[in-house]
Each structure stands twice: as C-alpha cells, then as structure tokens.
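The chains carry the letters A, B, C and D, assigned in the order they are written, with residues numbered from 1 in each.
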Amino acid sequence: MTLSSDTRPADGTIAGQNAAPVLSARNLSLYIREGRNRIRIVSDVSFEIAAGEFFALVGESGSGKTMIARSIMRLLPASMLEIEGDLEFCGKSLTSLPENRMRALRGGAISMIFQEPMTSLDPLMPVGRQIEETLELHSDLNRRQRAERIETLLTDVRFAEPAKVAAMFPHELSGGMRQRAMIAMALANNPQLLIADEPTTALDVTIQREVMEIIQRLRRKYGLSVLFISHDLSLVHQYAERVGVLYGGVLMEAGPERDVIGRSAHPYTQALLNCAPGRRVAGERRRGIGGTVPSPRDWAPGCRFRDRCERADAACANSEIPVKDLSPEWRAKCLRPTE
Amino acid sequence: MIQTSQTATMSARDVCKTFHRSNGWFAKPSETRALQGVSFDVEPKEIFGIVGESGCGKSTLARVLVGLENQDSGSLSLGGRKLFGPGMADVPPVKRGIQMVFQDPYASLNPRMQVGEAIAEGLAISGMARSEREDRVAETLSLVGLSPDAAQKHPFQFSGGQRQRICIARALVMEPEFLVADEAVSALDISVQMQILNMLLDLRDRIGLSIIFITHDISVVEYLCDTVMVMYGGKAVERGKTADVLDNPQDSYTQTLISSVPRL
Amino acid sequence: MKFDFLNLKFIIGAFLLGFVLFLALFGNLITPFTANKQSLMDSLLPPLSGGHILGTDHLGRDILARMISGARVSLAIAASVVVISGVVGVIVGALSGYLRGTWDLVTQKIVESFWAFPPILLAIAILAFFGQSLTNVILALTIQRWIPYSRMSRAQAMVLRSLAYVESSRVMGGGLAWVMRRHILPNLMASAIIVGTFSMATAILAEASLSFLGLGVPPQIATWGGMLAEGRSYITRAWWLAVMPGVGIFITVLSLNLLGDWLRDQYDPKKTLNLI
Amino acid sequence: MLHLITTRLLGAIPVLLLVTMAIFGLLRLAPGDAAELLLPDDATEEQIAETREAWGLDRPIWAQYGQFIGNLARFDLGESYRYRAPVFELIGERLPATLELSFYALVMAIVIAVPLGMIAALNKGKIIDAIVSVISISGVSAPSFWVGILLVLFFSGYLNLFPSSGRLPYGVSVPSVTGFVTFDALIAGSFDTFLQALKYLALPALTLTLAMIGIISRITRAAVIDAGQEEHVFTAVAKGMKRGTIVRRHLMPNAAIPIVTIIGLELGALISGSIIVEVVFSWPGIGTLLFQAISVRDMPLTTGAVASYTILFIALNLLIDIFYVLIDPRLRGHKA
C-alpha cells in the first residue's frame, strides 16, 4: 500500500518517504488534572508517521486516542492536559515550542478535523468566511486570491456550486456537507499533516464512504500525511497503511496494516478482530472479549489487558511488559505475542 | 421461569406516520413523512433486522410498534390479536406483549432507582406483590448473565454493556412475545457489543424470544439477523433472508448501502 | 492563581441566613422592647443609647424590635410564596413539558401573559384593586413567582420525557401519575430547590418593595420596607432609621443568593472543558 | 426577514388580548362595582349611574369586555379625577421621563456589566472572577430603594453634589422635541441646562444601573463560559487563531444570543426597579404617577399606568425578538 511517488506534487516540498518522519511521538504520556490529582490517561506511547502516510490509531473508548490527537496540536491548555515525553513534527519538538510558534503551525502545517460536524463550525458565520479566516491567519493572499482559493478548496471536496456553498451558514448544510467543508478548511494552507479524529463516526455509512474517498484522494493529490483516529477496524483496514492499536492508554501493537490487522500478534488485537460482527455460519458464536474496559482510575501495574486476556498469567501482572519487535516495522507490547 | 410465546407471528400492514412541526401560529407547519406504508411479517423465534441510515424511519417504526408513537394509518397484529388497525382503538403499550430496549444505556436507567426496582417497574405497575417481584428479578438477572446482588446496586455502578443487560432484563421480565431493540448495541464498545449480540442469540435459542433488531450497521445485521428489511426515506425498499439480500441486493439504495460498508 | 470561592459562598450564606433566622425566632430574648411600643420621649435615639441597641425611630419605637418583626413578616411571606408558587409551578410546568400538546399550548400562553406584566407591577395592581392584607400580599407575589418554576420544570420535563427510562416506563404500562411520581418529579426536585432559593430572595425583595410603596401588609405591622419608607424623611437627621432595615433586607437576600449560587454550582455537572 | 417580524407581531396579539383580559378581570373582580372603583370615593349616586352606563356595566360581560377593548384601542381609559385630565394624555406627558431614565441606566449598565462579566468568565476561578462575583451578587441582593437612599445620604446629604429629586431645577425648562430633557437641551443649544439635567439624572440613573449591573454581569459570565465550551471554539483554536480573536469573532457573537434572551426575561425586573427608583427620587415618570394614583385610589389612572407599562414591556420584548433575527442566521431559515 505504499504511495507511488508520482501522485505527489513535483515541486518536492514534501519530504520523501525515507526522510525524517512528519510526526514522531516518543514515550508520550498524557495526564489530565482532576482537582488536585493527576491521572495518567496515556502511557509511554511511541509511533512515527512518514510523509504521505495514512496512519491510524485504533482503540475503544477510554483508550486515549482522542487525547493523543489533541496533544499534538496542544489544543488543550497545559493546566488541563499535561504532556510528557516528546512529540516531534518534521524534526522540531512540539512540546517545547513557544505558544506563538505553535499557533503558526495550527491550521498551517498541521490541521485537524473533528468527530461532530454539526457543532464544529461556528453557527453564526458563513462557511466561506470560516475558511477565509484560516487563510488570513496563515497566508499572504489578498481578498480576491482568498476567494479563488476558497472556491478551489470547496471544489476539491466535491461541492458542485462552491460559491453558493461559501455564502451558506452551517445550519443550511447536511452533516456530510459540513464535514466536507471542515476538510476544505483543514486543507486551506496545504498542511503536511491532517489529524482526523473519528471524522465519519457521526455520519451515515454512505456519506462516510464519500468523505473517506475525498480524504484519500486529496491525500494522494497533495502528498498529505494523515493521522486517523478511529474505533472502526474495518474502516482502518480499508484505508490505513500503518496502524497502532491502543488499549487503556497503552500502544499494544503497531506496524503495517497487513501485519497488525492481517496477522495480528497481540492477543488484544486478535480479540478485537474476533469481536467484529459479520457473516457467521449457523450456530457459530464469535468469542468477543469478556469483562469491561478499565477506567484510568483503576489501572494497575503490569499489562492493562491481562484481566480480559486468555493468554495472561502471573507474569503479566508483575513485570514491566517489554515491546517486542516482530519485524523491523512491526512491534507488540506483550510477553507472549504469537509469532 | 421466564417464558415467551413461541407461536405468534407479527404482521404490520401499510403503516404510515407523518410528523407535523408547528412553525408558530401564523406560519405553515412543516411535514416529515417518516413512514410511508411499511409492511412486514416476522415469524416466531425470528431475529428480524431493520437497517437504514439516520432519518429513514426505522426508529419511528420501532416506536409505533411498541406504542410510544401513534401511527396515522395501517394495522398491526400479533398472533391472532389485532394491536392497531382501522376501526379499533389502539391496544395500549403494556398490553401489546412487545417490549423495547433503547440505544443509550446511560439514559435507559433512572439514576435514582436501584437496578432491582428498575427491572421490576413494569411488574410493580401491574400490581405484582413485592416478594414475587424479587424472585422474578433474580431469575431474569441470571438470564442476562448478571449476579442477583446487582438488584441492590444503582446504575452508576455498572458499565455500558452491563446496563444494556439490565435493560434487556427489564424488558424480558415482562415476558414479551417480541423484543424491539432500537440500536441497542450502537453505543457500546466493540468488545462489549459482541457479548450483547451473543446474548440475544442465546436468548432466542433458550426462551424462544422473537426480536426486531433496528440498526444502521450492516455487519451487525449479518451476524445477528435471519431476515432483514432495508428502509429508505420512510419506505421498506427491500426485504428477505439476510444472506440473500446482502449477496444479491435488488434495490439500488441497498446496493449503494452494501457497497459503502467497509469490510475486514 | 485559583481561588476557592465556592465553599466561601456556602459558609457566608449559611452564616448570614442562620443569623437572620435566629433573630426572627429568638429575637425577643435580646431586646426587652416590643415593635409597636411608642415612647415619644425616646424618639430618634441613635444606636446603642438608652438600652436601644439599634436606636429608636421618630415615635420612639425600638428599631431592633421592629427589625425582628420585619424579619418574621419577610420570611413568613417569602416562605409561603415560595412554597405555594413552587408546588403550583412545578406541577404545571412538569405537566406541560411531559404532556405537550394542547395543555402545553394553553399554559404557555398563560405563562406568556403573566410574564407580560412586569412582576412588581402586577403585584401593585392586585393590591391596589383588592386592598392590603397579608393574604393579598402572598397572592400578589405568588401569581408571578410560580412562573420560573414552571419554565424550569417544563424544560426539564421535556428532556426527561424523551429519556429512554421514561419511555420504557410508558411501554411497561406507566401512566401519567406513575411516570410523574416515579421519574419526573423526583428528578425536578434539585432544580426546584435551587429556583426556590433564588425565588425566596426575589420574594423578600418584592415584599420589601411593596411595603416601601405602602402597599404591603397593613401599616400597623412593622416591616423592613415600611420602616425604610418612614425613615426616609429623617435620613439626614437620623440615618439609622433607613439604613438598618436596608441592612436587614440586604443580608437576608444576599445569604439566599449565595446559597442559591452554591447549590447551583454543586448541582451543575462539572464542566471540564475550559478552552478559552 | 419582514415576514418574520410580522409573524412575531401577530404572535403578540394573543398575549395582548390575554393581558387586557387580565386588566379587565382585575377591574371586575375587585371588591365593589367597577363604576365605584373608577370614580372617587365622594362621587354622587348620579355620577356612579352615569359611569355605569358609559362603561356599559349593565350589559353582558363579553360586551363589556368588547367595549373595554374598544376604549383601549381608541386610547380612551377615561379621565383621571385627580388631575381632571384624560389618562392617556397624562401618561403621554410622563412617558419620556421614564424612557430617558431607563435609557441612560440601561446603557450604563450594559457598558459596565458586559465587560465585567466577560472578564470574570475569561478568568474563571481566579481572584478577579471572585471579585466580580461579589460585586454582582451584592448588586442583585441590595434593594434599589435602599441603595437610592444611601446614595442620597452620601451624594446629596453629605457631599451636596447631586440633587436628590426631580428632573430639572424649578423654573428651568426646555422646548420639547424628543421628550428627553438631555437631548432637548442640546438641541436647544443650552449646554448649561444639559449639565443640569445630567446632574438630576445622576443619582436615579446610578441607582437603577447598580441594580442592573448585578443581573447583567452574571448573565454575561454564564453565557461566555457556555459559549467557550462549544466545539467550534476548538475548531478556531485548531486554526491557529489567537485567544483574543476567538473571543471577539466566535465567542462574543455566540454569547450575545443568551445574553439578550436573559436580559429580555429580566426586563420585567428592570422595569419594576424603575418604578421604585422613580418614587424614591420623585422622578416625574409613569412610576411616580402610578404611585400617586394608587395612594389616592385614582383607578382610571392606575389602570392606564399598568396598561402602558405592560405595552411598553411587550414592545421591548418584540424588539428583542427582532434583534435575534438580526444576529442569528438560523432563525432566518434556509437559503437552499
């Protein structure tokens, strides 16, 4: 599933696949404040996203996937979300960047779309004007150029009448249309990285496909890297090149999609795949996973998944769980992954 | 022992429902035609899936079946009994023998009520004695895989999946002939979703429960349902054995829908 | 820098309200005088003179004793208003939010019409036309104070009615009375208490305003508003006549507002997002 | 847009009808005959009989109500026996004074309280929030008549800075154009009178302002905090927008809607406050007129004053409705 280089722009502004990763997280831990306490919600997560790559973080609720997405742009103030470890964007550390430099990146080189298209746009401002704001912040285009750019962007996300849509207010658009407008806004300044936080979860499956196709096409067209946050394994299987599986704030398994989903090694990934409904023969029962997802307040040392794991034993509770390399690109955090 | 009738066929004919929304005293009200003549039959012990996108009328249909919403026209019968139809007064919800499980496990239980109280609510309304209620609650709890001491706890002590089990218990305790589940697993994590789906399959096998399962998720229909009805714009556009419909969809919307579903 | 204002609200509010309640209930133990005992020899004595802790008015009546009487009248009227209007408002509002339809349409129009009168004005009109008495004051204040309860109850009942547990109750045969008693009303209690606390504050202010305008309870009963009105003409000679009852109104209303705020903050789900 | 305004105007009709019914009901339900109520206590039997006939009190109740509405529509509520003048004429004379006082107080209150509430919201949980909270909670707790008296005690009694009652010094007057003395003085070119008028306005306006500051700053704080929780603010942060710009462009417009809503709901309280303040400062508006009318049981005048306050109140609420349509595109319906 590697991108062929001819789909990328010829001017070479985007680094090639072998150059420094667009985004790398190293030993990332996140904490939220709850009164006087600090609760760890993500521990020691490391991953890299190469230029032009579609990387997916999959997890159930409480896995910390959304918080990781928000921490990259530092969308939450430090008083609410504390970041430990390192996040690097094109070789620059994001965690130590002063706020004004961070602001220059937000909506510029890194942009983001959210889960709820219905509430992610300001209801009182025309859609075009909201896109224009991003252009004002990050480009030198004059008014006419901005208007042209908005039209191009809206055409890119498959609006037949871009000028008309630009003048509309969010409430006049359907959910799918709003999400497309959000994508247009996110792509306004030719970002290198698009963070998409469950962008299709609130949409119908036919609309989901439309939106996913648009993201995929524009990614190829502009050589964009995508960090895709999702709970949906089949969606990830269909679009992602590399996948990280999160559980309880821990990255359980990460690697190329064909490995992680095609022949997963971690018992959690395997169990999760076994949970996906779909056709079954009469009398067959898919096993699923017993028990429930633990809350960050109940996390104990050892493997987070051990209570629900069929392969777990005493060692899983006590020791520090090592990350095993299964191939140069594929690793699992488990004492006994299938090899 | 909780029992259900294993012989009743549900048939709905030409069910219509239009919503009118008032736009103030002097403006024209707007109309949404949620159901435009929907008909179907569900056999006893069958799991009947209704699938469609948001706004297709599937939830309205569920609410009409249990009596939470009044249909404009059409008829519904269960076994030999007519539940609603022309020239008769609608049978009130509790007398229909149809119970419902809702989508949101968090809004489905009154936070102030103990779980036992919540499950026994329908029995209490019908005037059953307390001691008998408690026995029935304990029996039903074990049927849905929860321990009897859950009855003394409050909803906040349970996870989403467990709450959905409680809601199913609350429906089953009424010994319904049919269970209508409206997106009953959509709000759950995938790992928990499978537990509930398997439980529904087991319930069908063990107590002969007939289920109408409403969902937007084709893969859930594939796993759970014997038959499926696809709805679009308030109409049933296709109906048939699940495998037949999915392998060989006839309607153009069904085709689009099935081809849009990402697959593992 | 963070500041823990929340508990301070409770402490100050509870202390002030406790103080006023104490005065109203046991005030007689502090002052030997009665509210209407005149003594022209002792008129306009400043505070802390001649055994009068808060001084005397132009007729030589003990201000503290009159303040205590005022506290009783204020609290009694406000409490009756709050309870009556609370019961009426919650029931009407809950029914209209739960039932919708015609009942709702009719009550909404009634609410709108009542609300179309500025609150004090309606009370003034009623007292002007019907004459002054304790019952009429309570009636005049109740006639509008039920509206905030009904608005709140209607809004919440509308949300509650579409909650799955209420719908499920209906499917299981829960009738209007059952659903109201088991699901709707218990869930309205917390908000009703909050509205009631603020409502008590406004009722006290309204009663004082009416008394100030000479439209409250009959003038032979000492009230804070009435004392203020009488004291106004002596403001430059004897400031305590007008200042003291004002302090009484102020701390009572303040304590209720503080407690209401505190209750509301307690009850409100913690808003975790604080983006800006 | 125009359609929406007409819809709102038409929607006010049922309310107006109910309101007139209520006033009519008050007249009918009050102890004694309306004719006796509408006439002074020393009225002769003949006068009572005359009024009874004039008001059609011998006719069926719906006819009486019809007549009442008819009279109302012709701006005829009878004659004040105190002033021996038509009620509506008296009210017309006094209305500008009430409006002028309310106008200055409301403008001052908004100018002070909205920024105050914003500052508190943007510094939620910090010491400045607590300070604003103290100010606003004291503002809503202090009875305005008491605050007025304290201000008089301090500013006129002690400092002798501002007059404590009236609208202009005795004998001073300006030709009436707008009815607002301050504006008329400027139009007439008399800056001196303008200053005089401001001095007279100072204390009553300040009293009314203080009462409103509490309410408005609380509303603003809550609305800004709520608006800050909305997801589109997240989008704006993700665009790389500065905090100040987000507040100005996305937060304030969204917060304005609930602020206006609640100011609308509180207008009644504000009007009630103005009645009391007028009485305290002998301000020659409808409030004092009503007060005098009640104290001498001048029922036609009382009815008239109550009716005019109510109509004023309904009109203000209509203005607010129209304002909504201006700021909220969602109310303008779909273009597509």
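A few comments on the model shown:
We adopt the following convention: a residue touches a chain if its C-beta (ideal position, glycine included) is under 8 Å from a C-beta of that chain, and two chains touch if they have at least 3 such contacts.
The shown structure was predicted, so the numbers you read here are calculated from the model rather than taken from an experiment.
Using the contact threshold fixed earlier, the set of chains in contact with both chain A and chain C is B, D. The pair with more inter-chain C-beta contacts, choosing from A-B and B-C, is A-B. When chain centres are set by their Cα atoms, the one at the greatest distance from chain B is D.
Centre to centre, using the average C-alpha position, chain A and chain B are separated by 34 Å. Centre to centre, using the average C-alpha position, chain B and chain D are separated by 54 Å. Distance from the chain B centre to the chain C centre is 48 Å, each centre being the mean of its Cα atoms. Chain geometry summary: the mean Cα position of chain C and that of chain D are 22 Å apart. Looking at chain A, one finds that residues 75 touch two or more other chains. Counting partner chains per residue, chain B has no residue touching two or more of them. Counting partner chains per residue, chain D shows two or more touched chains at residues 14, 234, 237. Note for the complex: chain A touches chain B at residues 60-61, 204-209, 231-235, 237-239, 261, 271-280, 285-290, 292-293, 308. Within the complex formed with chain C, the residues of chain B that make contact are 66-68, 92-95, 98-100, 102-104, 107-110, 112-113, 118, 121-122, 125-126, 167, 170-171, 174. Residues 230-232, 234-242, 249-250, 253-254, 327-330, 334-336 of chain D are the ones that touch chain A when the two sit in their complex.
By the touch criterion given at the top, residues 1-3, 5, 109-110, 112-121, 124-126, 128-131, 201-202, 205-206, 208-209, 212-215, 225, 228, 232, 235-236, 239, 242-243, 245-246, 249-250, 253-254, 257-258, 261, 271, 273-276 of chain C touch chain D in their complex.
The touching residues of chain A, when paired with chain D in their complex, are 73, 75, 103-108, 111-112, 114, 116, 119-125, 130, 133-134, 137-138, 167-169, 171-172, 182, 185.
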